[in-house]
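In what follows, structures are represented as structure tokens.
Look for chain A in each of the two complexes below; its partner is chain B in the first and chain C in the second.
Coming up: the complex of A and B.
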């Protein structure tokens, strides 16, 4: 613990000294340090110096600090990968009696190395225009957001093999697009490609509300055997198994029997008491189906 | 000085209460204290009381021995009648109290209506039995109205089980990796009512997704200046697990907030994707409204699946002639639901709504021992 506190204090003192030197010697800005104003992350850097004696170079940014000893007359070499965090940097060359200062920016490498892909929603009904959105964040190999406009391609392939493609350029490192959900239910592969990098998500396209809900009934002694026709949505997709179908029997306008039945293999099947004159109706959610009057079908 | 006065008051009040309890004990206290001294078989009422006191103590041997018709059934059937053959609310319920109403009596026979009040973890439930008491020699004995649970013949009931299992995102997934979407639910009806000096929010919630949802509904009453008066949730007056396209009623009680103070109501339904099973299917049959004085909606639950349902929560939604919700009531079946075997249920509703109720709808949610849902 004591060791950590000592290190932290030493670090603070070092930063303080560097900043104080920078303020004091602002007038000498860039006179002895010639650094490009823009450096690509991860690239090597050679900084010529004119220091007469031994000196120390500090390169400081919010994300990292580098320290290099400088021999008289030698150029300072920053090896590839050493400067890898994009951002604004301050370089200070401190020698006996003089301090040189320079500022420069490290930008992300041009070559995308990874992409973070947000695909929403993970599940939606079929035939929804612009229902699926994809957002891609493009990063270089050092996980710096690539701010330069970069072409991004979104591809949505549904279960029938139909593919929608959209190509956009990133803006401040982010590219986005919207896609339509297909009329056919099933898992769609949603892929984003940036150069040779690709990321994939699965979007489940599920059937919509049931269309033309119909049932039939057959009397079996004192019971009515009720069964729906295969339940489909308006695009012809089979409604998901497990969807609740409600059968209600009313007599003189009042409910006498109710049963919630889950769809299994596209149909719902149940039985109810057979009372002459009773009306049996079928519904699911807020969708109503047909009615059967016990004794005569309509 | 003030401490002495308080101590003296406590002592006096305690003494008064002990004296009152000793001189005018309630029936339950009589049963617990010295049942044999106050209830005996020398009178029909005493015999019935003695029997129910033994039941209360779960002293099955003594209760069975006191019956007049024990030759008609074994003791195990008697115990099953009172505690249920399968695990159910009855299995863990205790007879909290009872009262006997004489129906008729003669020199050698009497009849009583026994209201048995059972207490369970989800509240109390009533069991009404008509007890016939007959004179055997110089003793009165109860002819127990045995209620035998039907036995299901051994058979195979084919069921295509359907259930949903969920794989959630892992902790190591990056922030771009999507998680499974929460189910989409929607409030399809909402009606605040002023009742008993408080406010009650009644409504219905629909799972409009294709996956099962665990749902809750929270309501906040807002005053004219937008400030929150109170916040409550539906707790047990809702069916928490909703299958796709299933509708549940909900009721949220605000006992200390008057509707006249309320300017707006903020309803917040929430849903979580859960693993669930589509079975068992419970049919609700023979529904009917029972008039005053005991206003209730009664009917029968029929388990259309092949497994035993141990606990059944029943929710009733009551509508007026415009189709608006005017009440939501809930209750539990005290017995397990055996396959294809009707079990009676009753849901009470306020007597003042008897003339307004035009229609109703009953839904159930179930729990089976050894299964997730």
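Coming up: the complex of A and C.
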């Protein structure tokens, strides 16, 4: 019986030793580490300790990990720049038989140092209200998202020199705005400014759909020579070369011939058989132009 | 050859350690899923479709899993599936620091309260706030410290890639 008790005690002691070496339990929480609740990224930090013996300080978060050996009675100094990633940190001071802990936040530096600018689309038709969107994410020098409200200015300057400006404040690090595309086609400069930091994107504003598609025809023997007037959008911009113009000839309501012609220098030209009584129409996309009756024009 | 039922009937105690080991393994491997609550009432300016919301939440939770695995195993490559850009660089930097210090940190997320607050006009970024509770345990060489319970608020920005939403910005903010 005595032998069994001795064995059981020895077993318990062995288990205890294994557990003690494997898991250092927080035997007694100390007074707590004196760390400010909020620390600016990159700033120096001095943490006073009252550890009687040697200790180890861990400062841990998914953003960053630091470890410092601590001599008895000495304050722990975190050098400027050492703690630079914004995040929620847990500080643990492990000394003989005691664990002190503190939680604190490292926040982004207030001064914006860079901006991540998404401008969409890169190409769009002219005169589209709220057609262009800009989204800006503001970062500090350590590339931490600046969550404090920060003024952001969006500027869209078109090829005629006309500028639209919108100013917003960021919310949770993001500011956004929508702008109208200009009536005049051409490359527009889309810029976002945050303090002294600016980022620029180019937005290509292309002519819109053709407006008032008109053609004229001239009989030349057995052929009709057809030509459109210069094709422009509703703002007067020349529609891009290559835009397909479709000429269709019908006779007695039946389609007889269709010709697709790309615009070249603002106009489209083609020839069709001149059959008396036939009707020739012109269209591009969903825009319908005028009609010509062969034998008499209308 | 004895069947399991025969073994259970004759010596039930023999299977107990095996069952414990299986249960322990399942728990450690993340069998215990975190509780998740999602609010998306105030999202804008673009309206968020239900399908998009589901995908964003699913991929964000997967990102926590990837991060936990990467920081527990000190393998930055495990971040590739869920992170890109700044978030990936910063987490990879933390993995590198842990490696240099001979440390590993185990994170186990217990609950998430997600609030989707921003869906950009062109649909290229989603921002969410996450009030998360998790346990973290530091392993310094052979020394395993006691687990610590942490509650924090995270801001994440996700952007769509070919097959999933990936985390581009990931940082905690004071509550």
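Quick note on the criterion: the second predicted complex is superposed on the first by the 267 of 298 C-alpha atoms of A that agree within 3 Å, B and C clash if a C-alpha of one lies under 4 Å from a C-alpha of the other, contacts with A are read in each partner's own complex, and residues count from 1 in each chain.
Criterion: a contact is a pair of C-beta atoms (placed from the backbone, for glycine too) under 8 Å apart; a residue touches a chain by one contact, two chains touch by 3 or more.
Bear in mind the structure is a predicted one, so any value in this text is a computation, not a measurement.
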{"item": "Chain B versus chain C as contact partner of A:92, first or second or both or neither", "value": "second"}
{"item": "Which of chain B and chain C A:191 touches, first, second, both or neither", "value": "neither"}
{"item": "Chain B versus chain C as contact partner of A:199, first or second or both or neither", "value": "first"}
{"item": "Partner chain in contact with A:181 - chain B first, chain C second, else both or neither", "value": "neither"}
{"item": "Partner chain(s) touched by A:258 [first = chain B, second = chain C, both, neither]", "value": "first"}
{"item": "Touched partner set for A:62, first chain B, second chain C, both or neither", "value": "second"}
{"item": "Touching partner for A:103 - first (chain B), second (chain C), both, neither", "value": "second"}
{"item": "Which superposed partner A:228 touches (first chain B, second chain C, both, neither)", "value": "neither"}
{"item": "Which of chain B and chain C A:118 touches, first, second, both or neither", "value": "both"}
{"item": "Set of chain A residues, in rising order, touched by both chain B and chain C", "value": "118, 120-121, 137"}
{"item": "Chain B residues touching chain A - in the complex, by the definition given at the top", "value": "160, 162, 164, 174-176, 178-181, 188, 206, 208-212, 243-247, 278-279, 281-289, 299, 304, 358-363"}
{"item": "Residues of chain A defined as touching chain B within the complex", "value": "116-123, 137, 199, 201, 206-207, 240-246, 248, 250, 253-262, 264-265, 270-273, 284-286"}
{"item": "Residues of chain A that touch chain C when the two form their complex", "value": "21-26, 37-38, 56, 58, 60-67, 85-88, 90, 92, 94, 99, 101, 103, 105, 107, 118, 120-121, 133, 135, 137, 139, 143-145, 147, 171-174, 176, 178"}
{"item": "Contact set on chain C toward chain A in their complex", "value": "45, 67, 71, 86, 90-91, 93-94, 97-98, 101, 103, 105, 107, 117-118, 120-122, 124-125, 127, 129, 136, 138, 140, 142-146, 148, 150, 152-155, 157, 169-174"}
